[in-house]
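Below, each structure is written out as structure tokens.
In what follows, chain A forms one complex with chain B and a second complex with chain C.
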Partner chain A sequence: MTGTAIAPAPSAEPLTGRSSGQRSGRRVWSYWRFYLALSPFYVLFAVFGLYPMLSTIVLAFQRWDGLSPRRFTGLDNFRFLFEDPTFWLSLQNTVVLFFMSTIPTLCIALVLAVMLQSAVRFTGVYRIAYFIPNVTSLVAMAIFFSAVFSTNFGLINAGLRSLGIPEQDWLGQPWGIKIAVSTMIVWQWVGYNTLIYLAGLQSIPKDQYEAAKVDGAGPVRTFFSITLPQMRSIVLFTVIISTIGGLQTFTEPQVMVGNSGGTGQSGMTVVLYFYRAAFLDNDYGYAAAIALSIFMLVLLFTAINWRIFRVRGDAK
Partner chain B sequence: MELSRRSLLAGGFALVGGTMVGCSSGMDTSAPAKTNVATTLVLWCWPGGLGKSVLDETITHFPDPTIKYSEIGGDFKQKLITTFNGGTGIPDITGIKGEDIASMLPQANRFVDLKTVGADAILGDYLEWKVKQATTLDGKVLGIPIDIGPTALYYREDVFTKGGLPGDPAKVAAELSTWDDFIAAGVELRKANPKAPIVSDATDFYDIIIGQNPTRYIDKDNKFIGDQDHIRKAWDICVKMMTSKVDGKTPGGSPDWNAGLDQGTVPALVGAAWVALDVKAACKTSVGKWRLAPTPSGPANFGGSFLTITKNAADPAKAFEVIKYMLNADNQAKAFADAQIFPATPAAYDKPQLKAADPFFGGQVPIEVFGPAAKNIPVAYEAPADSAVAQPFKDELKSVQSGAKASDAAWSSAVSKAKAIAKRQGVQ
Partner chain C sequence: MRYRLRGIALHVVLVFALVLFMFPFAWTLIMASNSTADIYRFPPKFTFGDQFDDNVRHVLENVAFFQSMTNTAVVAISTTALVLFFDSLAAFTFAKFRFPGRNALFVILLATMLLPAQLAAVPQFQTMALLGWVGSLKALIVPAAANAFGIFWMRQYFQNSIHDELVEAATLDGCGFLRTYWHVALPSARPALAFLGIFTFVASWNDYMWPLIVLTNPDHLTLQVALSQLNRSHGVDYSMVMTGALMAMVPLIIVFAVFARQFIKGATEGAIRG
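What follows is the complex of A and B.
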């Protein structure tokens, strides 16, 4: 479909009215059908996205228990936030979990994508199989994983026992909780990223590989000299998407270790802390302040990612 | 734009913000909105909150106005708050869960003081400590109790006797009458059977031990008392469970706990009357081997809800008639037969539905344990900020359990965190 096929009448006029405000205004209005077609997203976004976001910013400067009148308290919420050890702990947990889950996810996904690329048979079956975890109910999976990691009757400990390794109290130890939660995130997101990488791999021109072959490059060299550089923008995309998602980890620890975040509050992520502040402690203003901090955190990490990948891109 | 978990989460996140704030516009007037129309009487409760046969029978008993029952799943309190803020569609009668009632008391102006519609005549039928939970400091009664959750010691008679402990409920009651006895018995049991720790999870016991006290974290003068002896004692009992190695570290509701109930690796637990439903669901081979004894060191309460009338009710007097009927002793006994909803009216304890022997407990009559427990639960004042203030203690206790912190260090950290939260919530 091309734009010209459905272009409205004004485009047929000579473009002389550019200086006239009145005419350009009329020209904008003559596109009303297009704006109308676009509007559902913007209307929904304004109502369910923009307005709540702006209100959250306002709420972060207020005290509100959900029902009583709201009261402006200035920077009180933020002052408490900076002194709150639980908040800093949750921030630390979130970042640790982010690294523990995102790096393995993307590495495994890239390897799988290369393998899928060269697979000859059953490619459709593999792709579906890898994608299924991504469309499975998160809560059901979290319950399943907490059974897998349970101490006495869990699959992991059964495996350890059969190897003669002493069993671990996975969900009762701070590191065990982090491993269990990040394992689940990896399991869920590998397939999704594999498919994105696979699409990226298929867009790399074949002649580059042929040229590499002619030059005598082996599969490893080809991967690092051709595949990886060509995939840079795709990798950036997955890193940013994983960052945004990974920093908002909530369901996995909530279902696996509960609202308290488990032993040593090891599973207490910032979003879980936000949830607890708002919906369990009825401290909505403080929760809004936490929500803003998540926003800043995501922004910061995205900026860092962007910078790392762009600088490398320029150096090329 | 592809639909990923990320975008969904982002959307959900925005929605959360929406419920938090979006619905709040124009709610700075704390006065309730206009009253409902009188043609129907809208009743809200959560799934399983009211006995099915009692509910059906009440609906037919009050044909005019028609009772329209709505079962609200999910986070009930949140949906109620959102509806209050929205200002329309507020129910005439609504259930409020026991754990939420304290945080609703400051909102007394959104509810009808039941004393103004004749509650005084029936309040004596209900357990005093339970009614107190729904009474504001200035004496307004906001809710009539649906049920309560008196605790008892559930134990495996077979595991106890094999391990050299008494098996008969009367003997268990006599020999395990305090937490110290209970822990000593646990040490004994561990010697005979190392795979049967008497404490399923020490941190699960903390709330129950706190509930045995007549005071909690904040007193009636809005003063923080969480650093005092009664809290420290509860803390120390839990720590003693850990240090004397009778703690199985198997949190209630976990897969290990569920499996352990039937296999004998969770030989005992302390839980409310409704925990029987969970235990029964988890057990297949151990049916008839469970017994009930009084909670060591006295009963506590865990859960139990209320029915309230909102200020939006078209006809509060009529709504109260419905509540009065639905929650009378006869119907409370019926609700118990329906779904183990444990009555808040002592008169119901003598009804045949409650006098029945339970084969799951080897023919023991549960009410003989739960009945006296229900009557002896201490009256405790629970401040609106209570659960927020309690959280650091539970978090830190878990650190002691995992060995990450020594008891004293964890305690002082819990106290300082709790103090900060209390101060933030306006407690002195």
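What follows is the complex of A and C.
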């Protein structure tokens, strides 16, 4: 008798459920405990994940304000989407913000990680302090950063003023908004990525560095020919995490410049635009079409990330 | 000597970064302890003031702070408890047992991690309306009670840390599936559970978009939504809003500080293994 590790049967073997040939018709039901153990996730996903996602797809081809009956309108939502300048602007804002925040974040994190690795003392303190921004409330920090970038009493303007540089209306002009939002994202994510990179650096075998030293390679050379190639999968991990998070930026601009996206709608990200269409304008069909485009955007960027790192991997 | 200098230069940079990371907290504290008039001064005041009590009183007058904090705590604690139970149970099953459809189910699980939340938000709101959960904390807890990330993460831990022989031995001793889970799997998974628990708690505490959508009763909000409304309606009274922000983040920072080491270890190990 083979199969499940279920109770008191003394001969049950946990990992050999497949070995018996006569299993074929044998009661999938005898595994009910396992299916039951897995069921919470799948039931919840079916009800609160799969079903609403499928509805979203249907909804994207309909017109619905939540009150009157739904009407099928074919591709109208998508046609409108492609001609909607605000949608394209929000897409552009999202991608610009993504680059403005991700590139500095990952570069600073890598530098800090290399430095942390060679530091001997206080590393525990550094780690905790660097990580804290990542667990801090986004809303509270968005409020803080709007205070720092404020025109009248912001710290940045106070600094400019004391240097004799004219003050800027940061949150009142398109580029100022982008700088403020991406500064906040950088602040929040550098520490997290630093610690990920640090863990990666520490997993590189020491003898590789010694061999490089024997061969007379300097620190820069060592970094580019040993450290970076070994870190490829870790860098990919951080890039994917940043991509998925960055393309869904919502809280920062929503709290800092409001639902309108601020001056010139410069803080209008795709997810903020989605939120507005759905929950402020009650244009559910159109919002569904935007949601689908966010999904495509995430897929596209993830695929590009994979591509870049795959190609590099083969070339190595 | 050269080594010494390099070491000092290293720590100068690292401390500079540390100051930058910690600065917002200090500055929030300074703004929260001064009056709004002080904040508007030039040059700015860099010292702590004595207005903190007043500011706290204003926050409590303008927003149901303790109610919101209780709501947030209820949501975060119950979500965390449910996630720990459901995720570890499913992860243990995936890691240590074979049954028809196991691989297919696991691939589905992985695929769900790629789906952005907005994809479900609109119909989910209708579902909540149908269930009569709009405005209720249930709308936040139930959908979050089990998640793919936690199952994936715990499964890796169980695979590496529990030997198959241990599970077999427990079974031979007459331990049922649930008892093996409870007496063998759970005790050995404490570090992983600690990480997943804090991760879930932090994420739940800071969650903003879905509570903003589904909590429609202005007297029954979570802390993040209440804070954002305080900012929107009383934005001019900066010292009060900053006090609110401070009050909203302190509990979480305490939780984090207590478990920081375990949490950081867990958060970074996951990336290395993946």
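In this section, the second predicted complex is superposed on the first by the 278 of 316 C-alpha atoms of A that agree within 3 Å, B and C clash if a C-alpha of one lies under 4 Å from a C-alpha of the other, contacts with A are read in each partner's own complex, and residues count from 1 in each chain.
To be clear about the criterion, contacts are C-beta pairs under 8 Å (C-beta built on N, C-alpha and C of every residue); 3 or more make two chains touch, one makes a residue touch a chain.
Quick caveat: nothing in here was measured; it's all calculated off a predicted structure.
> Just to be sure I read the superposition right, which of the two partners does A:A288 touch: chain B = first, chain C = second, or both, or neither?
both
> First (chain B), second (chain C), both or neither: which does A:G200 touch?
After superposition on chain A, A:G200 lies in contact with chain C alone.
> Go through the superposed model and pick first if A:D215 touches only chain B, second if only chain C, both, or neither.
A:D215 sits against neither chain B nor chain C.
> Who does A:Y192 touch here: chain B (first), chain C (second), both, or neither?
both
> After superposing on the shared chain, does chain C or chain B touch more chain A residues?
Here the partner covering more residues of chain A is C.
> Is A:T86 in contact with chain B, with chain C, with both, or with neither (first, second, both, neither)?
The first partner, chain B, only.
> Once the structures are superposed on A, label A:L59 by its partner contacts, choosing first (chain B), second (chain C), both or neither.
Touch partners of A:L59: chain B and chain C.
> What is the contact status of A:V255 with respect to chain B (first) and chain C (second): first, second, both, or neither?
In the superposition, A:V255 contacts chain C only.
> Which of the two partners, first being chain B and second being chain C, lies in contact with A:F34: first, second, both, or neither?
second
> Please work out whether A:F48 is in contact with chain B alone, chain C alone, both, or neither, and reply first, second, both or neither.
Both chain B and chain C are touched by A:F48.
> Indicate the residue numbers of chain A shared between its chain B interface and its chain C interface, in ascending order.
Shared contact residues on chain A: 48-49, 51-53, 55-56, 59, 138, 147, 150, 152-153, 192, 244, 248, 250, 258, 271, 278-279, 284, 287-288, 291.
> With touch defined as at the start, can you tell me which chain A residues reach chain C in the complex?
Touching chain C from chain A are residues 4-8, 10, 12-18, 28, 31, 33-35, 37-38, 40-42, 44-45, 47-49, 51-53, 55-56, 59, 112, 115-116, 118-122, 124-133, 135-141, 143-145, 147-148, 150, 152-153, 155, 158, 161-162, 187, 190-192, 195-196, 198-200, 203, 234, 237-238, 244, 248, 250-251, 254-255, 258, 271, 274-275, 278-279, 284, 287-288, 290-292, 294-295, 298-299, 302.
> Can you check the complex and tell me which residues of chain B touch chain A?
4-6, 9-11, 13-18, 20-22, 24, 27-30, 75, 78, 81, 84-85, 103, 106-107, 110, 249-251, 254-256, 259-260, 265, 384-385, 387-388, 391-392, 394-395, 398-399, 401-402, 404, 417, 420-421, 424-425
> Show which residues of chain A lie in contact with chain B when the two form their complex.
Chain A reaches chain B through residues 48-49, 51-53, 55-56, 58-59, 64-70, 80, 83-86, 134, 138, 146-147, 150-154, 169, 171-174, 188, 192, 241, 244-245, 248, 250, 258, 260-265, 271, 276, 278-284, 286-288, 291.
> So in the complex, the part of chain C that touches chain A is made up of which residues?
7, 10-11, 13-14, 17-18, 20-22, 24-25, 27-28, 31, 39-44, 86-87, 89-90, 92-94, 96-100, 105, 108-109, 112, 114-127, 142-143, 145-148, 151, 164, 167-168, 171-172, 174-181, 202, 205-206, 208-209, 213, 223-224, 227-228, 231-232, 238, 241-242, 245-246, 248-249, 252-253, 256-257, 260-261, 263-264, 267-269, 271-272, 274
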